[in-house]
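In order of appearance the chains are A, B, C and D, and numbering begins at 1 in each one.
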Amino acid sequence: MAAGYSHQELMVIEAARHVRDGDVVFVGTGLPLLATALAQRTHAPRVVCVIESGVIAPHVRPTPMSVSDPKVMYRAARLGSLRDVLGCLLQRGLVDLGFVGGAQIDRYGNINSTMIGSPGAMRRRLPGSGGANDMASHCRRLLIITRHERRRFPERCDYVTSPGFLDGPGGRRRAGLPSEFGVTVVTDLAVLENDPVTCALRIAKLMPATTVDAVRAETGFPLDAAADVREVAPPAGDDLRLLREDLDPARRYLKEEQVSPSAR
Amino acid sequence: MESPATTRNADKVMSAAEAVSRFVRPGAVLGMGGQNVGRCPMALTHEVIRQRIGDLTVVGCNLSLSMDQLVGAGLVRRCVCGSGNLERFGTTFCWRRGIEDGTLEVEDYSHLAMVTRFLAGEMGVPFMPTRSLLGSDLLGPSERTRPGKAVVIDNPWNPGEPVVLVPALHPDVSLVHVQRADRTGNLIIEGFATHEPEMIRASRHVIASCEELVPEEAIRQHPEHTTIPFLYVSAVVVQPFGAYPTSTYRYYDYDADQVTAYQDAARAGAEATSRYLEEHVWGCATFDAHLAGDAGRPRLEALRLAMRAMT
Amino acid sequence: MAAGYSHQELMVIEAARHVRDGDVVFVGTGLPLLATALAQRTHAPRVVCVIESGVIAPHVRPTPMSVSDPKVMYRAARLGSLRDVLGCLLQRGLVDLGFVGGAQIDRYGNINSTMIGSPGAMRRRLPGSGGANDMASHCRRLLIITRHERRRFPERCDYVTSPGFLDGPGGRRRAGLPSEFGVTVVTDLAVLENDPVTCALRIAKLMPATTVDAVRAETGFPLDAAADVREVAPPAGDDLRLLREDLDPARRYLKEEQVSPSAR
Amino acid sequence: MESPATTRNADKVMSAAEAVSRFVRPGAVLGMGGQNVGRCPMALTHEVIRQRIGDLTVVGCNLSLSMDQLVGAGLVRRCVCGSGNLERFGTTFCWRRGIEDGTLEVEDYSHLAMVTRFLAGEMGVPFMPTRSLLGSDLLGPSERTRPGKAVVIDNPWNPGEPVVLVPALHPDVSLVHVQRADRTGNLIIEGFATHEPEMIRASRHVIASCEELVPEEAIRQHPEHTTIPFLYVSAVVVQPFGAYPTSTYRYYDYDADQVTAYQDAARAGAEATSRYLEEHVWGCATFDAHLAGDAGRPRLEALRLAMRAMT
């Protein structure tokens, strides 16, 4: 891939582009927080961060390792309780965008962070929902940053911890969930978004030096491509400097690796 | 429902050993304070491990270090929680191993659903509604009919709109570590409060360890800052650095090395975990002995300074 | 009646005797607060006052005129919200005794503070429930201080704002209310308590210089007398001094009147 | 549901006149802050009266002076509340007269039931349970079947145990007076908080008047003391003594004479009430003019000292 920045850096920079100015963003630590902070420092100064441990609108310091790390609480507008943020902001409908992670993301954007295998035959226990189910139930948009590996993109999650579009069109409405909803997945190979009609994830953009077929080869379900698939734009302006010097100077999350897709 | 009335208004200061032996019974439903690497009640859970009080059900939102050590010590039968993990420090390995090998039961909720269960408990109602869980596998198929961990009903004001009800949760005893308390049990939590306010008020008994014991008069100078009034609290344990190696907001940061040391042992397996607990818990007569042996003044000072820079 | 103290003073002193040491007492201002404070200064030092505006365990100063008066908040253990006290203490089951008032108290200790007349033909609108319905629903014991007038003690309240025993034995259980419950009414003529079997109010004690018949004459429903009706004991020890000098020195509530029952 | 998002993060400081004209519409459901003679949003309700914005539904727990003046001005169609009164200062006479002569509708709840309605609103659920109201006439017979002001259901976990559900309440705009705020709308309430935290977070818009405007940085020094973060607040009005003649904890006590003066007019009847409002509200261009004319420095100073002695 283009020298000078890593896949991981471009993933964070691309994710930041999906954060809109004025969004109230429910976010944990790691790459999602880097992406949110980058957006705040560039095109989205009016972004409001909400962190699950009860933190509202902090001025995050580099580089928190936990949602209970004082670095995510620095100069917050309020430090409160889980009820404050999960109940009175998230379920109340005041959060626009939520970052979630998971071991599996399926065709309809459902997310599994509970177990690999089936309750009867569990192969690996995962941490569980945390606030992810709450975010997927109440946010208007979900943003996921993950490595693109076939095992991570099955046709159907072994366990649906957090609801995407469930079984497809009308699934959320039938379940009693808000229908205004969208999922964006930023991987090291592509940007996936749900098709507005079928609700299935499809390729919206490609990372540099990869192809639709290469992405499909790493995806466990049939993957359409949007009509106008473009390549993810390279880092612009200050993006890389902000990431490396201001947001993650000690490289707690941004590794130096320069893996190129073909090499994987 | 039993209330902490018996200890109202009294001087509730006692040692961790006395508080745990008086209020934590084998088979108890144990409410766990703290979140991830913040304000875990380590001094109190070390004491539970030291007294080997078992058959516990541990309940909370995010369960992390304190829970995992109880599981590693073989004292936990069941967890009811929203997650078990330490984020960047990895998962809670004893918890994961126990679930995978079938020796530990777990009932999964979302964090909001757990907060909602504690909210029902503190408000004295049998259940509370939430719009989380809908459509997910956190709701078993049975939940649409038979009330178990939850039940789905129609919104009476809008038939056809499903709403999830979750049952009130009343821990037999909750363990929390707070910044300040007075002798009567008035508690002040600074910074993020997690699920503790609701959990504490829902509990039959509460043991609170604190960084500082303050005069009752100091609390009563600013009563709007009292997080929890004494009526809910059964015991106050004065234990500086009582959350070590996790952080206490405005007092000290977490100790990444010590957390990692435990995680390495827990990841390695039951034997390594036992060795860790032998050295750091059973091998220490008190939590202060653990602090002196495993942290030491200079390290604790450094954690204080690291926190001061962030607050 | 015996000179040296008023009916009103004796009513407050008698009410104080029904406050037990260690009780958590939900109380407003006026005579109930005087009675609670007197109990605290005499036989019940471990009483905990809870005041509806969100005040927990204050050191009340003389003499508050409102639940939002800073005098009821002095050196409280916590100043919080209505949810804190009505929800997390009262409904949670942590309050032992509640003081309520009302324009009507009926045979079964039901209380009306909403309207005289019927919804169709209202003759007088009253303030409404406030926290009274909540106290009657969740306290283990209710204490009422009121003047004894026939119109205040009807067979059945025009409107049941706060539930006593409703329609009698089993009434509370059938309604879904806690069955552990008792009502005591202290008037200028007598002390009424519910009969443990019939649940109806009956005469437990008589104020000085009155008779069972005089009480019945001022009561709108048949009134039994307990087997061992005694006279309310006169003020003891420091009672009067505490009331007059410490608790209501400006006589905001304690009037000078020395009415004797016969004169009324 | 509409959210205050449009005004997130902006500088929200404006005059009472601008705030009221922008956010209070005829026919609005108006959330009323304060209780009895404490922290009633008098400066804001005076402005509503001055702008004669009518057909209002006023909701709260205890409704007192501020509500009664709105009713006296003929601007209120309906009240939903737990009580209308001023305790030792008498009932709310315009409110009582309106209900008795049929010009004012009222829906009666208990105070806890109203708090529970706001709690449902702030938590984003359509209803919340309570065990109050059971057996009383506050529950109409219909409530056992058709969901209106409440509905009674069976506890799914304990069939035969009735539980009352009350519907979420979302005021179009709430009016509150607080001690301190910053330009972005972070609010600090000192002392007793009444039903305001839940009501504010349940509201579509909130106008907060404050005694003192503080720098955002000061709020962010102690974020655990922020009662309400800016996300819920649409307008901040800087108005010292903005609750006069009711009290503001730690700032000034209530003015018994002024409360009594209004009560005498309200008791006397519609005409006397109009004269009072003419003189004290319509006759004053601003709330400061009212303070200067009806209170004056020495009296306000005395109220400050009276409060200082109690805090």
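Just a few scattered comments:
The rule is short, and it goes like this: a residue touches a chain if its C-beta (ideal position, glycine included) is under 8 Å from a C-beta of that chain, and two chains touch if they have at least 3 such contacts.
The structure displayed is predicted, hence computed values, not measured ones.
Each chain's centre was taken as the mean of its CA atoms, and the one lying most distant from subunit B is C.
Note that among the pairs C-D, A-D or A-B, A-D reproduces the B-C interface, with over half of its contact pairs the same by residue number. Separation between the centroids of subunit A and subunit B, computed from CA atoms only, is 29 Å.
Averaging Cα coordinates per chain places subunit A and subunit C 59 Å apart. Rounded to a whole number, the gap between the C-alpha centres of subunit A and subunit D is 41 angstrom.
Among the residues of subunit C, those touching two or more other chains are numbered 73, 79-80, 83, 87, 90-91, 138.
Residues of subunit B in contact with two or more other chains: 124-125, 130-131, 161, 163, 191, 193, 223-224.
Inter-chain contacts occur between A-B, A-D, B-C, B-D, C-D.
Listing the residues of subunit C that touch subunit B in their complex gives 22, 24, 46, 48, 56-57, 59, 73, 75-80, 83, 87-94, 138. Contact residues of subunit D toward subunit C in the complex are 34-39, 61-62, 81-89, 91-92, 96, 99-100, 106, 108-113, 115-116, 119, 130-138, 161-163, 191-198, 246-247, 249, 253-254, 256, 307, 310-311.
Those residues of subunit A that touch subunit B in the shared complex are 28-30, 52-55, 61, 65-71, 73-74, 79-83, 86-87, 90-91, 114, 122, 124-134, 136-138, 159-163, 166, 171-172, 175-177, 252. Remark: subunit B residues 120, 124-131, 147, 151, 153, 155-158, 161, 163, 165, 167, 189-191, 193, 223-225 touch subunit D in the complex.
The touching residues of subunit D, when paired with subunit A in their complex, are 1, 3, 5, 8-9, 122-125, 184, 186, 201, 217, 219-221, 223-224, 226, 228-231.
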